[in-house]
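Each in structure tokens, the structures are laid out below.
Across the two complexes that follow, chain A remains constant while its partner is chain B and subsequently chain C.
Then we have the complex of A and B:
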């Protein structure tokens, strides 16, 4: 009866195999991606590949003179007079403010009144071709009144009285928050080991290879707007369009063609999308706006640089007693995801170790630099870097292995953190053990020759959030399952396939839930009109959320098919199992019938089958669990479940050039059930390289006036094939019994340990600890020189 | 002043009017209509636009179309076998998980095709070195290397 899962015959906890919820046939298979062949043939259509009848092209005029200036006057007359130009657009025509977090929405489609970062859009043109649109942009004359550019959050706060970036933020601070749990000061008093350090992180950006692109088509007859866009968040995009264009959402449809990566950068609306829609409505023709790579660098909302002060205290046995965290974040010009990212940095203190007392004082400060926002592992990467490096250092102070210290403090399943974050299931200790055993960490750490080192770090991440970004109590994901005699099984969900592989995983889960094969399932995502509601691809939420909704919808369909099959077979419907395209009695093998036959009988006698399933995440109050007091922002970080992982990096430092080579990475991850192990490995391998880049190479640079110095892939260095280490990724056996199919996340958790694992390895190699990323060759050489001078001393042996 | 050039793309002759400033990538995408070739940076840094000109990989976003007059160009669409099946390299990319978002994939496939034409049995270093002009942000490269190795093996056994 087909290929059963290998685990068919084992019996767990006295359960017979036919009642074993882990006996999967479709989940757990490394099937190739559904969209793989089309992508390999060059047939997958991305937004920039689209051409519609009558389509024209839009371009955005950017401010290339200043990072901060008032706009005195915009003269578009020469541009409008250019043959081939159909329309121009300025910010005043669409002044409604948008933002992914409604309370802090402060961005406009194009600048209104002033520009706040270098390269901000000030006007746009629609023309018959891109060359004409570009020429027209050059003819637009803008008169500016320059303002001082604030390029550093501390300067921004200090000069707030003199220079103000946003009117409603007189202190130049987007938001600040204090989260205090327990009595941190008292806890430090009884600590045996206390370490205080300051850390700083750089300004990397996502570097998705597909620049943003949008095609909008406004139908002047019926007032309907159709937007095709390269986005991770069709729903939020839909919502922002409605706000800025002042059109009801029911008149707007958002469709995603193939999307060439996102990593958080396409997790908000983009100027390309607003401009395409506004121009199309203005001229009544389809308009395409595609960004150049430089546009992406100017506008993409990369990772927040964080200036962090940390103090961690351990008792004499090495148990963490208190964490004190102070974080000043560089927000850049606009709010974006800022408030959310800021409170995530605070909540990241609470896992994956038991922290009984914690204090996080966080603030997110406006500057005249590119807006920062969501980037893979948002809010987690910076605090994880600091905490894992400090635990490495504290272990050395105690004279024990970092592995021992981390195992000692690691949480177990069923843990409730002091901020009321609940972890239903974890295999974090198994991750640490697996990576340590497979890498030989304990045999190598501290014993490798000078220049070679090994470093360990752990991490975790959420599997979706408990709250929407705007006040709403509707389910976060809805899935419609359609079963009929023509299309077979169709999954309809407005989720976003951005390359992470959700369509394939959703097909596998739907096939599992309905008892068919994944090849039988069609997945329709990325369309707000066809698909049922979904919030989008961010926060590593989709596998869990869609899995839950798929299960719920499948239950209804399976109930109907069982009833029909029971009648046909002459046995009780509740004795019937559906697996592997068969419906059969779990007790009497002679009662069996093909699934497709039952579907046909059902459709013929009743009609096509469909059902909708929903997912609403469990909610918990953001409180201090000891006092019961509400804490502002403390529900940010709550998630239905969490993924965990450990990475061990082995590096070689070239002491002549200062270059760091990551040679080998051993990783072990707890992603719950791996729906598609090959896809999990791909996510993890990609994550390791992604943050290896931001740890060693990637940083956006600016001159003293805020002008970009490296807005291209030539000067902004991403890792290439040559930098790729040997990677050994391991999926630890894990099953979250509270999760659909036992799943968790893997898309963002795997970036968390990379910074600290590399940094700890560099310390092991050359005996220098770094508290800042990216760790450049210059920093290595300077540190080696200082170390050498210090070791040589003044010659008298005093150590001075 | 436009000029009529002749390109043999994937075995078919195309006569295309081009301006001297037109780059090959735009001509292939917009004038010929083969959109499999991607533009990721427009400056020759990311490799997504790689095509073969006379069997050698070139960056079509920084190659002037007029310099290719009369030449043989192969794009990703030209890799697919005449019956629509994937060629061994494409199949290896699909089956080995070397594709995620897929935007770098056409360039990866063309650079790898060029490599395998010159060096049918590349070493790990050959692959890393030759492919280093192509950036992928999704996969971490490992599965792309694995796919190229699998394709090399399949091709050496005569799989078409």
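Then we have the complex of A and C:
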């Protein structure tokens, strides 16, 4: 944990540093986080902390009566008459539809004509203080015509003729797709072992600590709008704002103060942001809208519940021959990331095992429940749960260890999946081996006393995407590096630091690329006006993407500094290396000069240095010029590279109370080069806790009308510090030669194995397999009772 | 989220407090740590015109133990103080342990033991062990004091026998019997900040032979509108030699007495099962502890 410094692995004897691309000095350091001290001292300024001169407060009036209803009338007159109220706003004042995927955009800032989920915003108020705004919301009178609430995707499809959630979706389905590769039916005919199962997952939410908050300031003189917001996608937010407000993007600036977590939930615009901007434009004063936790539960787009049917077939030697996957997803009320998440579930079938034939039939169905969307490990967690549990079961059918089965089927570097996804590099097998060895899995599995169990699962995740969410060919990330005698090195990029640590690793990578120290680098992110373009913090894309762009920009600056230094030293520029704040000749120790001196000379003679680097991910889908064939697949789901991991959970089940205690987790991850090993450990430990929550504790609950029963942290139960298991996280030696600095992701891959590892461990402990999460104490007790009754039989000895 | 405007009083002496409580009557609410009351006010479930903060009154606070006589705990004593008190731990183990299981550290340092009983939530942590330990409450007003067992003071969900003008000022705990021990446990989904789906306390006293139960008190929380004192368990165990078979019977008897409901936290059936589990575990633990005394 933490203190381990991977640099030692990189210093390899017999190879000069200038020939060893892995001999890093800044990448691989467990430096403390740039944002750490301010946060630890409570000095970080979050959006909700901001106060601007003349600022007033906005609040959203929510529908608390129904989950589905037509709005007949909204009467704001009493609210407007309340002293201190400056303006009211209703949905029809900003009817333009927004959504992160343009083709399915169907949300409005506030409900227009109809509410589709419990707690949807129907109106908003700006007032001199929050208290008055809240009182004014209570004075707004809304007349509804209730409609039947569809709370289950199957009911929603069945009753589509009678109850329709969106006009343009007569079947109540957002989107469906078939992804068929190879001949699945034929492959099953040759299989020796076939397992068919149905799985279901719950409805967790991210549980980030900072609720959404937005401060908007519209300047009536020059028509410029400045929005400060708690977001992980400043660019997409910027775009949506432009659509809804009908203002050019160049008139809008988005700035992120400190952000208290996102996990996908801040990966779309939020009503707080639209309402703050619309109200500010209306009254010409800055407006702040801060959500309460209940607002977050109503509107933040958590993980899709999935109803999955699976069939997996192995040949007699245990090699996977075919996977058949059918997924019905609960979309909730609006589209959001839905189409993307849906196709991700289909693409997740293809890795990290070799699957020669695969068929995924997927559909995402509207219901009158909270909209689901992006949540850490988007699209991967549900299918991974099922596949890793089924492989455990198939291994048992074959009479071999799940470890053996997974090793046998695991992919190697350079693998191309049948859907055309290409994996340049993987150490997945090393992850499996390391976790198994360190945990003693093989000695313990199947041999622990009743009530104690150990379970293994693997997983992978993308390190970025291949495509933008809207049609565009621009680079996904651009980084400007600025070097001068005043500020030293500054990295400018409109990326989003949301607590995941991107500012720190960007500083480390920039320092490495420029040959200076991490401490010399300043990072300016989170501002669409200051930073160069970036798509946002999602899909675990930023370390790879920004690393690539940083390298490209640094190359230009290094070239100029080398030329200058060569002139000063009287040697060839291409003999010069830059490392550790020195510029020196690879061949002659006497040619050596301080980096800062060269910068000063350069600035004095030429001027300040800056350069822009870009990253555009490799694409896979397209037209083959020679054959004219269109290459299918590898669209959603493809990534420049992939991270891998294995987790082994040891659990104790209290067979009397049904409670499951995760005691120990041994994890091994392939994140490529660990730019900051301490940060990787933090991400991995956080990931494990994150999905331990949704596996054993967390679930949003509703009554028969769709009203929330637990929109608070009292009854929506995240695991606390007390539930944290002992963790042994290991970073396996890995270096992707195709990646900048050899990096991959680590923020989402490590959530993938948690459900199945716990579920497999529970099976090992009590002999009961679960096909549904969260696994509650009541489910455990019920299953144990059924098992006991079955084992006792009918008493006649027939075994029934 | 916003509380109504209210007038705030902070009396320094019992006399001032009684006068205010008497005069303001229904218009006022007594404020101790506020960890229950402020939440209810923010949710607009209650909107009192006045708050009378009783935490500045020295006489209402503190833990006093007199050997042979027992303990008096002032109503505004913080739950954390009860949790960390060495003498409470030694003499009334179940209470110290239960106080330490309330919410989180922050909540325990704000909330008071009096507030926990006066809030009268069926899942409250400390009423269960207090009743098992035979605690009485002193309810005071300008007119004088009333004394009653805690199980009579709590009359229902958020209902207490507190008349207009009265303040709960103390808990009085009898000196524990020589060969006795008390234990507390609860069940919930997680181990901190948890609202118990069932809690339970057992106070057991043994005869000199270290085997025979002289008397036992088993109290259940969260399975009835108020702390439920088992009648069946003492009837089964008192005067009998402690045995596993008897414990089984006692646990079944406790299950028979509990009247749990189904809500978001647990089903009736699950609560019923847990009553049996906790009864078995606590009876054995308390018996083992009493043998050591």
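Going forward, the second predicted complex is superposed on the first by the 771 of 800 C-alpha atoms of A that agree within 3 Å, B and C clash if a C-alpha of one lies under 4 Å from a C-alpha of the other, contacts with A are read in each partner's own complex, and residues count from 1 in each chain.
Throughout what follows, contacts are C-beta pairs under 8 Å (C-beta built on N, C-alpha and C of every residue); 3 or more make two chains touch, one makes a residue touch a chain.
These figures come from a predicted structure and were not determined experimentally.
Visitor: Contact-wise, after the overlay, does A:749 reach chain B, chain C, both or neither (first, second, both, neither)?
Guide: It touches nothing on chain B or chain C.
Visitor: Touching A:778, do we find chain B (first), chain C (second), both, or neither?
Guide: A:778 contacts chain C only, not chain B.
Visitor: Considering only touches as defined above, state whether A:49 meets chain B (first), chain C (second), both or neither.
Guide: A:49 sits against chain B, while chain C stays out of touch.
Visitor: For A:292, is the partner it touches chain B (first), chain C (second), both, or none of the two (neither)?
Guide: both
Visitor: Please determine whether it is chain B or chain C that touches the greater number of chain A residues.
Guide: Partner with more touched residues of chain A: B.
Visitor: Go through the superposed model and pick first if A:259 touches only chain B, second if only chain C, both, or neither.
Guide: first
Visitor: Looking at the overlay, does A:134 come into contact with chain B only (first), chain C only (second), both, or neither?
Guide: Second partner only.
Visitor: Just checking: does A:41 make contact with chain B only, chain C only, both, or neither of them? Give me first, second, both or neither.
Guide: A:41 sits against chain B, while chain C stays out of touch.
Visitor: Could you tell me if A:501 is touching chain B, chain C, both of them or neither one (first, second, both, neither)?
Guide: After superposing on A, A:501 lies in contact with chain B but is clear of chain C.
Visitor: Scan A:720 for contacts with chain B and chain C and give back first, second, both or neither.
Guide: both
Visitor: Is there a shared patch on chain A that both chain B and chain C touch, and which residues make it up?
Guide: Touching chain B and chain C on chain A: residues 292, 713-714, 720-722.
Visitor: Residue numbers of chain C touching chain A in their complex, please.
Guide: Those residues of chain C that touch chain A are 1-2, 187, 189-195, 264-267, 269-270, 273-274, 277.
Visitor: Could you pull out which chain B residues touch chain A in their complex?
Guide: For chain B paired with chain A, touching residues are 29, 34-43, 45-46, 48, 75-77, 79-80, 86, 90-91, 93-97, 99-106, 109, 127-129, 131-145.
Visitor: Can you name the residues of chain A that touch chain B in the complex?
Guide: For this pair, the touching residues of chain A are 30, 32-33, 35-37, 39-46, 48-49, 206-211, 258-261, 263, 292-293, 498-501, 678-679, 681-682, 684-690, 712-714, 718, 720-722, 724, 727.
Visitor: Looking at the complex, which residues from chain A come into contact with chain C?
Guide: Counting only chain A, the residues touching chain C are 130-131, 134-135, 292, 656-659, 697, 701, 709-710, 713-715, 717, 719-723, 776-778, 781.
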